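Next, two complexes with chain A in common: one pairs it with chain B, the other with chain C.
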Partner chain A sequence: MESKKTSSKIGVYICECGPNIADNIDIDTIIARLPSLEEYQNKELVVKRYKLLCSNEGKEFLENEIRENEFTHLVVAACSPRDHDTTFINVCKKTQLNPYLYKMVNIREQCAWIIPDKEKATEKAIRYIRAATSRVLKQSELIEKQLDIDPGVLVIGGGISGIETALSLAGKERKVYLVEKSSELGGKMNMFKELLPRQNGNRDIIEKKIEEVKKNESITIFLETELESAVGFLGNFEISLKNIKNNQPGAEFTVGAIVAATGFRLTDTGKLAQYKYSKESEVYTSLEIENMIKRDGKIVLKSGKEPESVGLIHCVGREEKGYCSQICCNYMLKFISFLQQQSDSIKIKDFYRDMCLPHKEDQGFFEEVKNKGADFIRISDVKIKGTHVEYTPIGKDKKEVDVDMVILAPAMEPEKGTEELAELFNVPLSETNFFQEEHQQLNPVETSIEGIFIVGACHGPAGISESMLQAQAASGKISTRLIPGKKIVPEVKVSEIMEDFCMGCRTCMDICSYGAITFDGELSVCVVNEAICRGCGNCAGSCPSGAIRAKHFTSAQIYQEIIEAIR
Partner chain B sequence: MSKEFMPKIISFLCKWCTYSGADLAGTNRMKYPPSILPLRVMCSSRVNPVFLIKSFLHGADGVLIGGCHPGDCHYQSGNYYTRRRFAILTTIFDSLGLESERLKLSWISAAEGTKFVRVSTEFNEKIKSMGENPAKKKIFL
Partner chain C sequence: MNSKDKILVIGAGIAGMEASLLLANAGRSVLLVEKLSLTGGNTIKNEDSFPNLECSTCMIAPIQQDILQNPNIEVMTLSTVKKVEGEAGNFNVTIDKKARYVSLVDCIGCGMCYEPCPVTLKNEWEENLSEKKAIYVPCEGSLPNVPAIDPEHCLQLNGKKSCNACVEACMFGAIDLSEKDEEVQVDVGAVIVATGFDMFDAGKISNLGYGKFPGVYTSMEFERLFASNGPTSGELVLRGGGESPRSIAIIHCVGRKELGYCSGVCCMDSFKYSHFLKNKLPDAKVYNIYSDICLPNKTYQIFYNKIKGEGGGFIFQSSPEDIEIKESSGKLGVNLTDRNGAAESLDVDMVILACAIVPGKESENLAESLGIELDGKGFFLTRKEDVGTVETSKAGIFVVGCAEGPKDIQNSVIQAEAAVGKAILIGEINGK
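Let's turn to the complex of A and B:
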């Protein structure tokens, strides 16, 4: 198939990039030398320079050159492909030349700018262009496919994160399916009466949002329901639900993206020896206190009496978990403030290890509470026997105190079922057992599977404002990726397994981070799902029988580049 | 040879981290030896150990692989595989009597232009002190 193309005609265009390249590389020498090289003796080669190829005039010039010369292959020696690869791919797309028969050479960042000696810089540029030119001759056409998408979104979890995601995305052309395992929407927020930072009674935030969700015609709510299966890829996931109550199969539909908003639970304090207490004792977790405030409007003992002294213990389970739960210090301050309003004479002992006050309002709130007389004690160790607290202030001897009530701030951990869901999606969990984001800084709300997003506390400890932020961020990503009526173009530089060479060892299957490879039992070979493959080439690097071609990064192409670079 | 020996060092650079780090070195107008010949790959895990053998036997004086830092791979865990393959390959090199010191693996992020310059300069010096790759004269492919 390659042999037909003996009449290849290669265009090599060198960009001056103003003075950036022209001053440090002798472009005329390149133009003179290239055609005389042995490998081009029976090939047609056009080598030209241009002042600024990425300019509008430059692009037009290049487009005309490709057409008029009827190039079969193109090399552009200019800046970094990070800057303008896409620019020249788009130029190719306007012509007869398949963009995968073009290659960019970085003679600016990796030649002109790093080598002070012009002669040496020119030598390296020639070497580099030769490598690219030989490589481009080994490249093959790749045809981009356009796939129809379903703009709909499945949201799992009816807490604040899920609700916000659903509301941000639902619209005339985008359906949202909101799945909640319990019998009502609202999640953990149903337990709260008053919200941070200043316990202003703005519970109506959630109530209003729940009303909006119920009223929205584009949102379908499934209560007491869980996900049974999700198969597919960005733009096309086949979803089946399951009714939890009767364990019967539920609705089936297609969506383009999935958002997990499954939230958190508090770690079981019963498993921590130093915080063991009986049900009868006056020890409460933070969520129990939230519930109490909502139910009774005040914080009271089992007898109904208000406590005169309260000990609050932060970081319950932090050491065991290995992470800070971020929101506890804040809600403990909220409880203290609440208790101070409830009784002027309340005695507060707050046992903390580190005070985590990340938001701009937090420090002021802390000082306000402290100035009202709460006793903040930084400790290295603490233990309770009922409401008898033994503690060691930092650098001091062990002390003990009896209080009427103890409030614990247990670490947040992912909600029950997170692991099963991760397995179902084939997305990884982090070491902390929360969902792992694709990249902590660069892609914090998406998972390694394109089209599956994570928002709120299933992603890591998060308060309401962080959860809202993440929900809105994921919604933004989804609405720009899945535009109703528009098709998507999946990556074409993907891996392909050649049936004849595959020995079915499944090494590639085990190492693929995306679950893009499956095993065909009948043929006893591995198969790549091109819609899921991201084209990293790890499988091609691992295949012991050389059966995997990483398209556009094939061994033949890379060998050619190596050989020319060191010729 | 009267001319100073300039090694040829094939450098497989991952598109996301090290290639960008090398770009940054250029943008900041830092200097490093022209002997570094960069080849861009999507992920360092694409670098089949055979590529290194191929480079070596075709006369590369050194081969450098640059990838994202552990835990920072754009593709989740590609660089861990690179690290394992690299470890095995150097063992094979040693057992065949080839100079595994001519192979280098380094983690260089997109922000580490300075590190790219340092690693490539030091590696270049080392290869220079080792002289030309003797394998290219011995083995024919």
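Let's turn to the complex of A and C:
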């Protein structure tokens, strides 16, 4: 017989889980059989049972066993890794054993609980344990690295979302760079005089915030400036800016995170056949009305006279765009309320499809406006020729009416340049062309690239309150990840590209949704940036030359595991 | 760790869990207080969640597991906050911690103790659609996967009879019937209120026949009926009869008029049900009876269009108050008045009432203990001087998720993250 090699010493610990495993699996048989299997002939193997490994005594027992036996590899056969993988990883971490040289096998849910025949359950458990043991021998040590970070943040867009983000984050230990393409801060807010009643009506608070941003010593403002490039990863992005006016390179600096707050514009009503009007006719978009209120303090016709009748048309472009803009029903109510205050005898015809009132205060506002005598007409179709409105009330025949003034609520769409910015960041846009979240529900203000955030109306149609909350949310996430003076630990189960095998086809670059792969022109190969890679393994599957290895899921590891499991 | 750095999160729904995890990962210590015996809140009652129809358990369970295993988070189940004194940076909190009678450390969740228990009860968590024992987990896959004992109904604990059946059945010595309720005192620096919502009582609108006709379901009942870990393992069979419905009417906006607000999520929920039904029962007729279609997210209309494409009727009705539901020979008659005042009637086997989101029952007491205000509708009020905030009238106390008002998961998570930012950044010594 070959002499036993002592280079690897494997511990296999089988949990009885009280009666749960012990009653339905013959653990003693496993202990007797395992060491005699061919693959362990030249290795040292310790196989033991324990009544409840996850208990405090069990964990202590396991910890001592790992230390005393100086195991190089460990397999724990117990319940679902869902329940206790972390438990045993933590045990490893207390010892000399690297946790990536340990593997858990589920012989409770996958064997004991589902196979009534004890002998068969035992056989299956043995196969699973062999699979895990063969795999663990192919695993390699992975060591967590710590990276220095820059806590600074770049904010793109000086509208209310950008301003709120900057103010939430800026401080002694955290610099914020605020980049705005126009010549002033404030975004669309500069066009407004009044907000919704639930937002305290006037915009003083916003005014104050703009002043605060300007005064804050930790915030550097760049006006008439654009982002030229951003390369790097969470904690370390290298930024260069560009001056729009003279098209010259601008400042360069490093930040730890980037927040896009580039806002929206209204969809071009000229492109919608049913809303035809000339420049001279009394038809206005909502933003034109906001501007008018701000400038003149009232809503007036071109002649300077107040209108006696106004038709408001909701959902302009909603069907074409494929989404509801969420805020237009509300601001239309705001306009009606304004008109009602302006004139007691005003005749309002409000043409709507759905009344979208998603905030708890909205319906109250709607009822208030309605009770003051506005005529709300639910339509299935509407068309204008100047201020002549043709409409079809739902389920009824077509009607028409002439009004003095028409106000349109065009859909919100992402600001010009959103697509280019997405390309620059290498982040996806959603079906509706706004930025896409990393996870729509669970990680709603971050993009697929860790460290790049999206807030406000570039994230999706949003009102001011929602925009500000998103700004605070992004700030919240950043504050938990980039803590001044602390390092970050990136994922270690990453992928690597073996230079010698890579033929530079760049298939993997398109596959990686996190932008972790770059092309090295000199060597003509692709390279994974380990600080960005999340270890999803998609690239490894895509590489036609098999040049990519997902470190904790190598083909050799998986192959061994499968071979033993089906043996 | 300094008590100032500790943060109390009240409610272990999606908003509370998200806030706790973020804080914990930033190195903060968190006390997460939950009144039920399990974490997850309302999101885990859903089979799939709109708009991506992602399996809720798959989405939420990893978070629940993280919460329970994170060394920086202490989860206190069956507990409520009784009193809060002090001010931002220095709150003293009194917590009412009810006995679970089962050790979170020793129990392995094998379930051997249920069977021998002689007491059978209605399972409220399952909307009373199934039964449980006096020692129970609310549903399969509850996390923590450890039962609790209902002291009101346990024979030993309520003194009606002497019983020790569960204790004897447990091989792990995990059950301790002598455990007592406790009052726990903790010092924390900030408080995040994430107590979520309850559902509108559909019985209040008597013409809809809820509680009278077994074929009339609330939305939450339907969620559980459809859930693969629910009372029927996801089989769509009607109460009592055991047959699958062939025609279903989903009535939107139940409670909207009485309450004076739109809940913003029930349209999407109804479309989700429509999709579920069409998928599981392809021949069934499904009607959505709506007044407004509320789609407040960039992707919701896409979902709506998809559902419309799957067929089924969409019937406009100005409000459910005008609907009258009657039963005759096993069929439900849904009597509507259409927009022109003409009467219309639908014969269906099942009615689903898309009920409004209402403030949690204990909001009033909690608001009083915390010294913060509620709005006119009973939701927690944020600082009046602000336009968009999670801060309340009392510094250091934040409110997030549906505790603040009806909203979807995305917006609940956004608020949770915002509160985390406030709690950390306000404290960060950065010379503001």
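The definition used in the following text is that the second predicted complex is superposed on the first by the 476 of 567 C-alpha atoms of A that agree within 3 Å, B and C clash if a C-alpha of one lies under 4 Å from a C-alpha of the other, contacts with A are read in each partner's own complex, and residues count from 1 in each chain.
Criterion: a contact is a pair of C-beta atoms (placed from the backbone, for glycine too) under 8 Å apart; a residue touches a chain by one contact, two chains touch by 3 or more.
Bear in mind the structure is a predicted one, so any value in this text is a computation, not a measurement.
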| item | value |
| --- | --- |
| First (chain B), second (chain C), both or neither touched by A:355 | second |
| Touching partner for A:63 - first (chain B), second (chain C), both, neither | neither |
| Superposition-derived comparison: chain B or chain C, residues of chain A touched | C |
| Partner chain(s) touched by A:467 [first = chain B, second = chain C, both, neither] | second |
| Contacts of A:396 with chain B and chain C, given as first, second, both or neither | second |
| Touching partner for A:368 - first (chain B), second (chain C), both, neither | neither |
| First (chain B), second (chain C), both or neither touched by A:82 | both |
| Touched partner set for A:323, first chain B, second chain C, both or neither | second |
| Touching partner for A:448 - first (chain B), second (chain C), both, neither | first |
| Doubly contacted residues of chain A, that is, touched by chain B and again by chain C | 82 |
| Chain A residues touching chain C - in the complex, by the definition given at the top | 17-20, 52, 54-56, 79, 82-83, 86-87, 164, 168-169, 171-174, 195, 199-200, 205-206, 218, 318, 322-324, 326, 354-364, 367, 378, 393-396, 430-432, 434, 437, 440-445, 460-461, 464-470, 472-481, 483-484, 486 |
| Chain C residues touching chain A - in the complex, by the definition given at the top | 18, 22-23, 25-27, 49, 51-52, 54, 59, 61, 63, 65, 69, 105-106, 108-110, 112, 145, 171-172, 256, 260-262, 264, 292-302, 305, 316, 338-340, 375, 377, 379, 384-390, 405-411, 413-422, 424-425, 428-432 |
| Contacting residues of chain B [partner chain A, same complex] | 8, 10, 19-20, 22-23, 25-27, 29-32, 34, 37-43, 45-51, 54-55, 58-60, 72, 74-78, 81-82, 85 |
| Chain B-facing residues of chain A, complex | 80-82, 106, 108-117, 120-121, 123-124, 127-128, 131, 428, 438-439, 448, 493, 511, 513, 534-538, 540-543, 550, 553, 555, 558-559, 561-563, 565-566 |
